[in-house]
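Multiple structures are listed underneath, in structure tokens.
First chain A sits with chain B, and in the next complex the same chain sits with chain C.
Then we have the complex of A and B:
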């Protein structure tokens, strides 16, 4: 047996078993009629027809598009401006932007959403201030499309900050220097040189954020549903929450989402390939000279502080306030007298909190380990154009077409039918995580391998090392910084994502993000805030480790 | 003489010893199973956790695993587990959980010994369910925001334009949510007038909160909404006891129903499940229910705040029986979907 041939086959088989059944079952589920017991009784197009006729179906598609476009624009504006200020100017207090980004990387999205709902809500400080100065009325109606876009936009701005920061950092300053020397003002230079150079990267990123926003669940569920604004993800979720669950309709909606995302991904691929053509990164080892903002320095610093307050400080203060109250109340002097540690005590003493924290860590670590192990083979073979490399790459990144909630439906359909005792255990969540985050592991390894020159492997081969020995003794050790960064990244996002696990978690197999969602739905805001804060501290430690590792290993954060 | 004494002694302790003996066998078997898994619809920190702790204290070595979800969610989870051939739940409760699960043949018949004295409307003769506690639904209001003459005293008061957009309720599609409100109005006012009322109420733009009644009440307490509809009156009492600015209004009749607790067919820990049912429905278990300010189902256990029940509270209630629920639920839910979503 030749390991060069068998390895891709084995890896390919594992990937196929993971990736293909969910997609097939989803399509199958959207095309069959089922009886009350959930067994298939025949083929039908009725689920797709009902998408056209069902009230609100077209509206949820339109809402999805508006919501995603709006939040993408906002996050690009906020995150992009911040990235530029931090990477390319001499604005003061730039570290604050990095700090809020690291902490928000470790915090489950849903915690941000809960905090924001409180801050922007009818009794939050903003409306409270408005009311006390005007006597009546509300400044912000958070449970609205505007509120959804606002919160989602701020949720994604740290990601935009990181990715565009990398773009700005790597940009060649020669052209900007030339413009400045020729007498162009700062604004003209930015407009005509910096932005134009970064435009392909910005467009690619915009599409990336748009795709993630189409699959977003937390904000549409918590902010949208009370305002009766449904998007595709919440429509799928609701179809699964009726008795009996409307699997057919959920699957049909899911298939529509998969098609939308697949089309967008196609364009994303072309855009990001295009972005590389524009790359002006050279081997020159210097950092571009930062723009001197002159008197505007302090205005820029104020913007950075404002962003820090909005993205990190206010939500944190809101959570601390909620955690210290026995019942929810607005910020007030009276509330200061009723502070209590009861919620923290409950969280620490009740055994189910420790159980679910342990579950989360276990399943996220397991998924990250499995993914990086699989990705080491797949990424290497793909990057080196080994036999079947292209096919393996496509298989491993197939799951990018699944929004989290859709993957939840698909994986559930598969493992309700497979006679393995997996449904209702942590295993089903682990499998879903592996499927969902496999592409990220791939990106880390692939990018890592591209940085290694082939001559090392060739030398080993000449010296008589076999295929797998080369992987084990040469490639793996050199890849370890990328592998560790990839592992930490997957560990972090697995603990952050709610949508994948929300349909798969069972009472005996809870994970942190779902537990936080349950606590919100079940009316335990105080314990939610207390648990969320403790969890955030833990995850921030991991996020710091990830950040240091990424810097050290020279890998690009977020694997892009 | 000595022998007679021994015989008498044996007789004296024989009776109770026998009952305790059956118990002892159950306890022993339950202890071997080590745990009981309870899918609850009750609010965890208010009653689920205290009940679980009380059970664990009485029967050390048997752990209670609990979780909370809506009635529909609990039913969905158990049917899913059954479909996958891997049932994990032993016990469940809820206002209408037992019916879909009964239809799917997933409910075990176990007439609970300690609930023998319960009135017939609070226990199923076949032992598929027993009432763990009873509910009285009404409106809750923030006492800082709603005072004196503003406090709604009848359902018609809710149509006052000043409450437009200022009332909220849960999306829970059960008799404890909007469908329960709807059936109450239809029964009170008749079909035609009732529907006209519901349309007028829908025009008031009642805000749907996709969360438990407890969350709605918390939003009332926080001042986000002055009025919350379809909240449990005892929740208002629990919060008021902690100093929250909240009280419950008297919109009569209060829709009332039982929270039914049952055992899953094919439960992985059947003995622990039976022991748990025996405990929570016994006087001791029901006293814990009362201590947590919930309204016990046991005929001799008194509610801690007596005014939460119609007799002492002096309010009219209208009970929704399981039969009424089964017959009407679909229609009420349809009206809710049509008018209020």
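Then we have the complex of A and C:
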């Protein structure tokens, strides 16, 4: 058989088996009527009808939109300003921004959320200070829509910083200097040239963050649920957690979310294609030249420090404080006397924490390996427009339409029905991770292949190498920097993932993010903080490796 | 013997009506020929080369190499690229950065029929010596200069002794002085190993210097297929004359129906009558151009010159070996190569003459 034809077929079959059943099951689950024992009895539109009549449904949709829009704006403002200062100006202390980004890459979102809940909560330093000076009341009510937006916005700002940073770094300084030599001031140049050039990229990124915020689970669960502020994800979660789980209604909600996300993704695709047309870098060996801010550079430096304090230092200090106290209490001199290492000892000595850490690392590493192996074929075929390339690309990136919680529901429905003994084991989490993070692996390989000069493969072909030999001897070795970066990235985000795991994990198959969630629900703040800190240290090491690798992979453009 | 018959590969272009690619190209090359596809960018020369290599699937036509059919639309034959047994040097050289120089060159032998280790080493060393890089085998491929990369690419293309060598603008990424050296080197090497070579370039001086046979391409069609001397001395169409270099072209119409090879009068747009040789049979009233090279125009006309003109000197540029003079004659400007010591005044009235033999009456090539 001709490998050129069979390979795409085999890869396509594997992808189809992974990607299609969750979507089909979800639709099926939302349309099927079940009796008390859970057996299907017929088709119905009742689950969708119940969405219209259910008391909280319209409100959770509205909350989702407000929450996502608000946090998108905040993260763009904070992350965007920071990215511009770091990449395009001579502001001092720029390394602090990169440092906070690296560390927050490795930290599970849920830890950030816990830290912020403490900082802004009733015993947190802000309300504590307010209370001690006024005698009564609270300055901030963190468990509110405002609190949710604030925390989510800061949660996403490092990602915005990272992605917009790349855009600003790639901006051709000639365009700005052409404006300056035409007589434009710095501000006018930024407003009329820099921002306009970056605008398509900013809009695309805004939509991207909005989509992720629609699917966000951590903040709505920890901050919203206690205040009875429900968004779509937490509504799905609640209807799954009732006894017996209301699968029909959860599926109907999930289908609504998938439709919303799919529509948004469609526009995202068009926006980002537009952004690429605006990319102003063409040649190689190109260096952006930063703006000289003059006296303003120290103000800019102060902003960078402030961001560092808010995004990294304060949450870190809060976690350390929590970890060193038996019971959560406000920052105080008196609190210094009750410092204890008991939480750390508990975490290190209890065997379940080591098991848990091991489970997490194992599943994340397994998922990253499987994804990159599969993506190597898919990404190459898609990037080179091989036979079936477009179809493979769409299949591999199909899971982008699933918010984490929705994918959790869908995968659960699929593997409850499949006669394989994987429900309730780590395998089901592994499969869900592979489905969820496949698009990211795909992007890494795809971008990597586009950087390879096509003639490198054609030369091998002319020299007599067949299809699979080219992949093995030429493409795979040259892609290895991109593959390693992609592996580390997936390993990192898989270890942060809560929304999927929270539905699929069972007592015998816990992973770290879920354990942190359970500790929070059980009110074990001290052990949570201690475990979280140790976990963050471990993940930061991986995150540093990822950054070094990306930087390497990014500067090596092969074949030119 | 490479034989290409009615090769067609057309690319649709969504943005404007002009479509790229190659149409109905035919040629056949005796063994050992250095054959050049010459033309401006977008003329279809690289597409032709890629069809021969098997990197592009032709729409129709036939390609055979030594009686082996590589592509035949009628018989639905298509030999995949890696089974064609050819050597190719790419414009970017395509040196694999994750291999040493030795491994780059050994690659065609390693993926081909299995061969003892010593034979591989021997043949790689021989190829390295042939391109003048003996002893470079252990270098990482990333640590080579442009010229060295080019030699490695060439060694890789000849190491398995292919029957056909394809070169896709291999000199275009080198700086000017290196390009001159490599041009001679490449020609010497090709004659030494005697491999049939198809060379793609847009540089007419490269093509003239290196080739046994040149195909000048225009809009996907071969405008002229001839040895370098013929191409230079008697371009077949206005396009070829313009592309091959600095000829003066004066627009006019043929006065009478003229057989190929005859000398006949042409009326220029301003009414002047000039005599030129018609390389192709031409009907009366057909638009033609009189093509005359600057070095064939005399500033001291005598009775041997069938064509005499008078004009005004507008500009001179000193080129070392000659003085290039631009002389306005009515609405047209003629470039004339004068001896370098000639020092005329700007605005001087000049008398020009050239023979009917040196003036070619050319038709526009057929347009796609």
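Note that in this section the second predicted complex is superposed on the first by the 548 of 560 C-alpha atoms of A that agree within 3 Å, B and C clash if a C-alpha of one lies under 4 Å from a C-alpha of the other, contacts with A are read in each partner's own complex, and residues count from 1 in each chain.
We adopt the following convention: a contact is a pair of C-beta atoms (placed from the backbone, for glycine too) under 8 Å apart; a residue touches a chain by one contact, two chains touch by 3 or more.
The structure presented is a predicted model; accordingly, all values stated were derived computationally and were not measured.
Colleague: When the two structures are overlaid on chain A, which partner does A:327 contact: first (chain B), second (chain C), both, or neither?
Modeller: The first partner, chain B, only.
Colleague: Given the superposition on chain A, which partner contacts more residues in chain A: chain B or chain C?
Modeller: B
Colleague: If we overlay the two complexes on their shared chain A, which of chain B and chain C does A:525 touch? Say first, second, both or neither.
Modeller: first
Colleague: Looking at A:453, would you say it contacts chain B, chain C, both, or neither? Reply first, second, both or neither.
Modeller: It touches chain C, and chain B stays clear.
Colleague: Is A:463 in contact with chain B, with chain C, with both, or with neither (first, second, both, neither)?
Modeller: second
Colleague: Looking at A:477, would you say it contacts chain B, chain C, both, or neither? Reply first, second, both or neither.
Modeller: In the superposed model, A:477 contacts chain C only, not chain B.
Colleague: Looking at A:243, would you say it contacts chain B, chain C, both, or neither? Reply first, second, both or neither.
Modeller: Once the two structures are laid over each other on A, A:243 reaches chain B alone.
Colleague: Taking the superposition as given, does A:121 touch the first partner, chain B, the second, chain C, both, or neither?
Modeller: Only chain B is touched by A:121; chain C is not.
Colleague: Does chain B (first) or chain C (second) touch A:538, or do both, or does neither?
Modeller: neither
Colleague: Across the complex, what residues on chain B touch chain A?
Modeller: Touching chain A: residues 37, 39, 43-45, 49, 63, 65-69, 72-73, 75-77, 79-81, 83-86, 88-89, 100, 103-104, 171, 173, 207-215, 217-219, 221-225, 239, 242-244, 341 of chain B.
Colleague: Across the complex, what residues on chain A touch chain B?
Modeller: Against chain B, chain A makes touches at 36-38, 121-123, 143, 221-222, 225-226, 228, 240-245, 326-330, 338, 346, 350-352, 412, 415-416, 419, 421-425, 506-508, 510, 518, 520-525, 527.
Colleague: Spell out the part of chain C that touches chain A in their complex, as residue ranges.
Modeller: 53-55, 81-88, 90-94, 96-98, 107-108, 111-112, 153, 156-157, 160, 166
Colleague: Show me the residue ranges of chain A that touch chain C in the complex, using the header's touch definition.
Modeller: It comes out as residues 453, 455-456, 458-466, 469, 473-474, 477-478, 558-560.
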